[in-house]
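Across the two complexes that follow, subunit A remains constant while its partner is subunit B and subsequently subunit C.
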Partner chain A sequence: MLALQLLVNGLVTGCALGVVSVSFGLIYATTKLFHVAHAGVYTLAGYLAWSAVRHDVPDVLALLLAMVASAAIGAGIQHFLYAELERRRATHLVVLIASLGTLAVMQNVIAAVYTPNILQFPLPWGSRMASFAGVRLTYTQMLTVVVSLAAFGFTLWFAHKTILGKQIRAVASNPFLAEITRLRPQRVYVAVVAIGSAIVALPGVLVPLDLGLQPYGGVTPLLTATIAMIAGGIGSIAGSFVLAVGIAVLQNLSLLVIPGEWSIGVTFFIFVIFMLFRPTGLFTRR
Partner chain B sequence: MDFLWSYIALAEIYVLLGLSTNLLVGIAGIFSVSQAAVFGVGAYIVAYFLMHEVMGFLPARLIAASCCVALNVLVTLPSLRVSGDYFVVTSFGIQLLATAIFVNWTAGTGGANGLPGIPPPDLFGFPIESNAQLVLLCSAGSGLGCLAFWLIMRAPFGRLLRAIREDELAVAAAGKGVLRAKVSAAALAGAFAGSAGGLYATFLSFVDPSSFDLDASILLLTMVVVGGARTLPGSILGPFLLLALPQALALIDIPTSIAASARQLIYGVLLIVFMLFRPQGLAGEKL
Partner chain C sequence: MNKALRFGLAVLAVCLSASARAETIKFGAILPLTGPGGLIGTQQKLGIEFALDKINAKGGVRGNKIEITFEDNQGKPDQSVLSFNKLVDLQHLPMIFTSFSGPSLAMAPLATRKKVLMINAGAQADALAKASPFLINTLPTIGDEIAILSKWLAKNGKKKAAILFENSAAGISGRDNYVSTFTAAGGTIVAQEPSQFGQTDFRPALLKLADSKPDVMLVSITAAAQQMAQQFAQMGVGFQVAGTTFLQDPALINDPAAEGFLHTQLQSQVPPELAAEFKAKYNAEAEFFVRQYYTAANILFTALDKVLAEGKPVTGETLRDAILKIKKFDGLVPVTFNSNTATVPFDLKVIRNKTDMLLEDLK
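Moving on to the complex of A and B:
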């Protein structure tokens, strides 16, 4: 029974992680930048929603506000930092360091404003339980699954059916050619980081509903999501989502034999296996 | 100990770490946030050997450095074989994993409480106990490190590393092993970090996980970025400046509850500002 509960928990965590993975993958495949500060956007979204809820904003509106704010912050990072560095012909390494600096700034501004302690959302419905066939789920967990699957579906639809999505994929596959055909890669980059940031706000708010908020809590989910993205194949939206679910399930099932504080080791072990034997990921097209 | 002397000794230990980070990030151009983890491995190994009186300070430090070399080779070889961005993931993973080990493996590392009471170092059986001797030892350690760094950068190997930074493709076309040179640079960085760890453990006679976490890695990166990449003066300047920063902050009235975050916040701002306006740092070369 415990195994079944862990399996379900893994599926729930995996859905949320899948959305982080999809959003990061969208940005990484397009801009080719390792956007470390994405972890900061993920964390900040949760805190913004928390503040909104504390000021008696309705729950759904707080989530939407967090998404809009995240999109604005993401766009700001791309426009004022990455694009600026690009204009100065900075190397990849320089951009990475700047991104890490942005992450440090965001985390520590949060820690200074909200204290480094764990904060819980003051929402009583979030921890209400329902049980199906002996498996207990909180309302938050059910909501996480529904919203995550919807976000995943939306991203797939967006990337393949909308004009902006097609533009993004065009720039991702060949920025130079896209520029010749009058697409402006820099504009597309701002758009894609904004959209990715808005999407990551969903798990950024939903996961802390269950687990609470922590200023430095974004790095581990981002790392796991990145591993899922690599294992799934960079550029494959479905691949990164499926692998994120898979990794989260493995991580939760490993709790049967390995204590929880070592779960980062399990994740990392999966990454090493992939790196050694299948570095291009499972779902890459030639 | 006299405050100024302890600051100088600590800064000298961080000079060794600055050299290590500079070799890896500045010269080989490998972005890494796991430098503090490697540093920590060195510190814990030396602490363990000295506390259990297995061997003297110098052999313990040698073993610590060798372990860090092995660790860095093991870590960089598979990921750099694929691409640089894979190493970003690897280094985050190693850093988080190392922190998990430092905090949770209570039997070996003392857990979150750390290991107190590490005995003072000795040189060939002579104990080094007075503060002046400790400062001298740190000076000698970092002096040797600087000399080694200077010699390496003048040697053909150093020129190869510089060439790789200029044009990796051209170096590969000239028949040089790029991957091998990068992994060797990482190995050297491991040796520097490991021996710095040994000095750190004996100098403070106490180690705990908070000195070796992700924030510490960011601090090390900031030291190189502010001091300047790829040069000896840069690696010396950075640690001295950044270790003075907490003292400068103490002069301004910041509530203690946010002092740590304020410090890390400044490191972050420094990283961004230097990358935007002065990527070569104060006394370095183009990053």
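Moving on to the complex of A and C:
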């Protein structure tokens, strides 16, 4: 029973991480920028939804508002910071430092506005329990799985079936060729960061709904999601998602055989070995 | 003419002496003002500022205004060392307030070498007791509380314990004390699992601990106790949860998920008028760490008064010696220094109906 509960908990955590990984991968594969401030957008989304709920905005509307605001913030970061730096011929390292700086500013502004305390969503339904074959889950955990799978499916559909999705893939594949064909990569970059930011708002709201909000809580999920993106194969939406779920499940199940302090180390050691044999990732990019 | 000259010199001497007396004495504080420990650090800062404003409003210590420079270490040992060097080497401050075990332990060798007094009123790792002769701890190390708690639990039929500990200096120190004292009291440790500082997902660790079927889960975490309690309640298991002063968290006590949690608690009472004054000034409650650092600041001011009264220079050594010589301080808490680590009375409490109750009251 312990193994089953750990497996299910791993799947829940993995689904949320998978959406972070997919959204980050979408941005990275297209812009080639290591958008660390994505962790700040993830965190801010939760706080914005929390504020909306505190002002009696209906729960679903609060989530949608957080997604729209996150998209605007992501687009703003791309348009006013990254694009501007690129115009000034800044290297990717400079852009990375600017992104880190943006993350630090966002975290500290959130801490200043909302306090560094861990905040709880005032939504009692979120912690209600349901039991299936002895496995206990909160409503929030179940919602996280459903929404994450829907977001994953939507991203796959969007990337492969819509005009904008195809444009994004074209720019990701060859930005110079895309420019010649009037695709205007800078506009596509703004669009992809906005879409990635809207998607990451989903786990950004649902995870804190279950575990509480913290101003500095976005970095660890982003780190794990980044590893999943690389191990899954950069540019592969399915690879990012599957690997994120795999990492979370492995971390949880490893507790059956090793003490918790070794869990993260052993999990990532396995992935280091894996990367030695598959340095391009599990799923090759189409 | 000579008379006039003598009078003028006398006036000048009085003026100079007055200006010397009106000197501003500067100290420092290296606290986690941002990061996962930011809430605790902010409370500590407010406690110091509250005491500082009150003493300066009364004219300072023997006419000397007090000033305190705050540095943010984000709860990190490496950042603490940088801040320590800045305050000591550049500003030549003789005393620094510290907090958190890891940062305090990192700065302790520097304090010894540079003879700078450090006053810790928030960290409780055992290693702090012997870390430096220049480190004064205004609260006992965690071992004293845990020894009493372990004996009480074993005496009350809790023979099998699982430990949830934070993977930090304070958490590991607590874990080690639980292992030694609970075993010495006749109990058995059946499992132990770590969590990371600031982590809010305790489910995997709690599941594994619950699987060992303990009578009691001993907790040694310094943050996110409310989230731990909620996830514990969601598991629907019935064993006892017990911890130390770290569980004296208002958010935890107000959460129905913490019903029945048992914990030791350092005595710390704030008079209603002082609590009201604090609330009016900061629009916040005078929480545990506010009270701790308010008390610590007043211990420093009392020691400084003695140093100045004896005409000694204000140094880390003279301030430390004054604290150890005065020995007993009656502030919000009766603090006694038989060594550089204070002894403070504490109670055993249980959380019932969102209230922290003395266990004796229940009997």
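The rule we apply is simple: the second predicted complex is superposed on the first by the 269 of 286 C-alpha atoms of A that agree within 3 Å, B and C clash if a C-alpha of one lies under 4 Å from a C-alpha of the other, contacts with A are read in each partner's own complex, and residues count from 1 in each chain.
Please note the rule applied: contacts are C-beta pairs under 8 Å (C-beta built on N, C-alpha and C of every residue); 3 or more make two chains touch, one makes a residue touch a chain.
What you are looking at is a predicted structure, and each value in this text was computed from that prediction instead of being measured.
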Clash or fit: subunit B and subunit C on subunit A? clash
Larger residue footprint on subunit A, choosing between subunit B and subunit C, goes to B
Touching partner for A:L85 - first (subunit B), second (subunit C), both, neither: first
Given the touch rule stated above, what does A:L211 touch, subunit B (first), subunit C (second), both, or neither? second
Does the superposition put A:E261 against subunit B (first), subunit C (second), both, or neither? both
Output check: A:T13 vs subunit B and subunit C. Expected answer is one of first, second, both, neither. What do you get? second
Check whether A:M275 is in contact with subunit B, with subunit C, with both or with neither, and answer first, second, both or neither. first
Subunit B versus subunit C as contact partner of A:P122, first or second or both or neither: neither
Please work out whether A:G134 is in contact with subunit B alone, subunit C alone, both, or neither, and reply first, second, both or neither. neither
Now for A:I97: first (subunit B), second (subunit C), both, or neither, which partner does it touch? first
State the stretch of subunit B that overlaps subunit C in the combined model; pick it from 115-123, 151-159 or 187-195. 115-123
Based on the A-chain superposition described above, do subunit B and subunit C contact any of the same residues on subunit A, and if so which? 108, 111, 115-116, 215-216, 259, 261
Touching residues of subunit C toward subunit A in the complex: what are they? 34-39, 42, 167, 192-195, 198, 200-201, 203-205, 207-208, 211, 223-224, 226-227, 230, 234-236, 251
Given the complex, residues on subunit B that touch subunit A span 25, 29, 31, 33, 78-79, 81-82, 84-86, 88-90, 92-94, 96-97, 100, 103-104, 214-215, 218, 221, 225, 257-258, 260-262, 264-265, 267-272, 275-276, 279, 287
Provide the residue numbers of subunit A that touch subunit C in the complex, in ascending order. 2, 5-6, 9, 13, 108, 111, 115-118, 120, 127, 129, 136, 138, 211-212, 214-217, 251-252, 255, 259-261, 263
In their shared complex, subunit B is touched by residues of subunit A numbered 34, 36, 81, 84-85, 88, 90-98, 100-109, 111-112, 115-116, 215-216, 219-220, 223, 226-227, 230, 259, 261-262, 264-265, 267-268, 271-272, 275-276, 279
